[in-house]
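What follows is a single structure, and I will ask about it in a moment.
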Amino acid sequence: MLELKVPHGDDLAALAGAAPVFLSYVLSFVYVAIYWNNHHHFFHLVRRVDGSMLWANLHLLFWLSLIPFATAWMGENRFAPVPTAAYGIALVMPALAWQVLQFAIIRTHGRDSALAQALGRDLKGKLSPLLYLTGALLAFVDAWAAGTVYVVVALMWLVPDRRIERMVGRA
Amino acid sequence: MLELKVPHGDDLAALAGAAPVFLSYVLSFVYVAIYWNNHHHFFHLVRRVDGSMLWANLHLLFWLSLIPFATAWMGENRFAPVPTAAYGIALVMPALAWQVLQFAIIRTHGRDSALAQALGRDLKGKLSPLLYLTGALLAFVDAWAAGTVYVVVALMWLVPDRRIERMVGRA
Amino acid sequence: MLELKVPHGDDLAALAGAAPVFLSYVLSFVYVAIYWNNHHHFFHLVRRVDGSMLWANLHLLFWLSLIPFATAWMGENRFAPVPTAAYGIALVMPALAWQVLQFAIIRTHGRDSALAQALGRDLKGKLSPLLYLTGALLAFVDAWAAGTVYVVVALMWLVPDRRIERMVGRA
Amino acid sequence: MLELKVPHGDDLAALAGAAPVFLSYVLSFVYVAIYWNNHHHFFHLVRRVDGSMLWANLHLLFWLSLIPFATAWMGENRFAPVPTAAYGIALVMPALAWQVLQFAIIRTHGRDSALAQALGRDLKGKLSPLLYLTGALLAFVDAWAAGTVYVVVALMWLVPDRRIERMVGRA
């Protein structure tokens, strides 16, 4: 899915020049892995599959399929403002699609299902699109600020769930 | 399967220039998703798999495998007449291959099978290749007319089945 | 797996120029489909999987993975002698790897197994590498002669099995 | 996953020019096949899957996903020192990630599990990262020396397990 271009030249400078592309690749790999992991855990609790869930799933897949494109555009342009903002938008869309998918699944399974219970208030899920949007806006001010926001959201999902959930719940 | 080229340049103009490629991508993603979804539903009812079904399936896969090619050609040439017509033909072929696959499956399962019943008269399936062909011919008159036909067929399949079926049945 | 390059230009001449690439694509798609189909049928009868079978399978996969490369080289060079001969060699290798895989499977299952019986004398399997080699040699004389041999072997596998087997058996 | 570029030109010289790219491709195909094979065997004995195992698995997948990149860089630069050393590092990382995955799995299953027994002291697994690192350092002295080390490690894994294990055990 994600692609990594081979640098021109055969020395360390060529490798160093590929650093922005590589950083973008790492970040997107982590995001896709988080979706893959959450998808795996979430669908483990799904009992019934209907048409709206299949379409919500394909809708999510559509936005995820744009991430490699946004990743390459940001990396190849060394975190220039517009591509870095576009990357943030490319993260907002699957985050919203994930919310739509959750809604479709919970509607079918009921608010009292094990699935709805496991999800709880889902603060991280609701906070993430807002943070991505903040990152996208910050891209026009400072590329590093935008990048930091993107990395922080990734870390927020990487750190074991319950502890962070409680922390965010308190904050 | 579908590919999206990274635009040259790092500003909004570069992104806007990628609009035709992006529109083609969205349209083809929807078509492939519809096939994937229908395939999933249809094969759910399949009880026996024989050689002719396997070959009819690979025949369908062959024509589907050409869609990314036709998509890129149309998008990169900004809906020029010949590529836009070729895209229509690239949609006619899997639509016909789908009819062949249906025929192979129903022959094995019998006209009275749950599968044949679920399919009904399949007006949408029989209408689609004719509409794609109309779109392909319109491409030589006006790109937007052709595009509108392609979008209408996609919407015809996206809207929940029974209602549209009844509407088309009445018309 | 197989790739089809988007032609430069937006007219019928551009499409016609892509004909050799397209023909190569069709031929290779058919070959890969035949392998996929036979693999599916054959492994349906496999009862035990051991290490040698896994490696023989990966060995087959290696040679199959080179077919897209040989296909593109032949198509992009419009059936020039060396690429057309290389394509023949690229077909010889998986055909031999298939024989090795069959041998590994039959050794484990025994000469009297349903699998060994289903295979019979396997005249087509033994004839194919020789025919591909003939095609590769003919490529230096005439591209069409080589192409004809490649198409004939594909047809030999596409036509329902038993009849052809009997025909070849008689000849 | 791995990609093989089509050579420019249609003669034997063009094919010969692609030799370094092809050699890199073969080597990496073998490495990926070994990982795939070991992964298959190892997970066959896994009884419980938990979060840390899923993440350790994705971590391994990340480093494996860089191998095509390192392979192409080394091949296209005809085994120049820096790309050849980078290739060695690209092999060190998944080898370490494999150790982390093993550790995560054994921690869950216990030191007395069939899985831990099957693994034994795992001399090959512990030796491999050291050998890859040696190869990476040798790349700055002589490309062939580095290549030889990479090939030897591949062979060490290809040869049936127990015999080599005993040999290395004695040495």
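To keep things simple, chains are lettered A, B, C and D as they appear, and every chain counts its residues starting from 1.
The rule is short, and it goes like this: contacts are C-beta pairs under 8 Å (C-beta built on N, C-alpha and C of every residue); 3 or more make two chains touch, one makes a residue touch a chain.
Predicted model, so just to flag it, every value in this text is computed and none were measured.
Undergrad: According to the touch definition, list the chains common to the neighbour sets of chain C and chain D.
TA: none
Undergrad: If we define chain centres by averaging CA atoms, which chain lands farthest from chain B? Would you check?
TA: Checked the centroid distances; the maximum from chain B is D.
Undergrad: Using only Cα atoms, superpose chain A on chain B and state the rotation angle in degrees, rounded to the nearest 5.
TA: 90
Undergrad: Call it same or different for chain A and chain D: same when shared residue numbers make up over half of all numbers used at their interface.
TA: Different, since most residue numbers here occur in only one copy.
Undergrad: How many Å are there between the centre of chain A and the centre of chain D, using C-alpha atoms for each centre?
TA: 29
Undergrad: Could you put a whole-Å number on the gap between the CA centroids of chain B and chain D?
TA: 41
Undergrad: Residue numbers in chain C touching 2 or more other chains?
TA: Answer for chain C, listing residues that touch two or more other chains: there are none.
Undergrad: Please classify the inter-chain touch graph. Allowed labels: line, ring, star, complete, other.
TA: Drawn as a graph, the chains make one closed cycle, so a ring.
Undergrad: Hey, which chains are touching each other here?
TA: Chains touch in the following pairs: A-B, A-D, B-C, C-D.
Undergrad: Could you list, by residue number, the parts of chain C that touch chain D in their complex?
TA: 51, 54-55, 58, 61-62, 65-66, 68-69, 72-73, 76-77, 80-83, 86
Undergrad: Chain B touches which residues of chain C in the complex?
TA: Residues 2, 4, 6-7, 10-12, 14-15, 26, 29, 33, 36-37, 40, 160.
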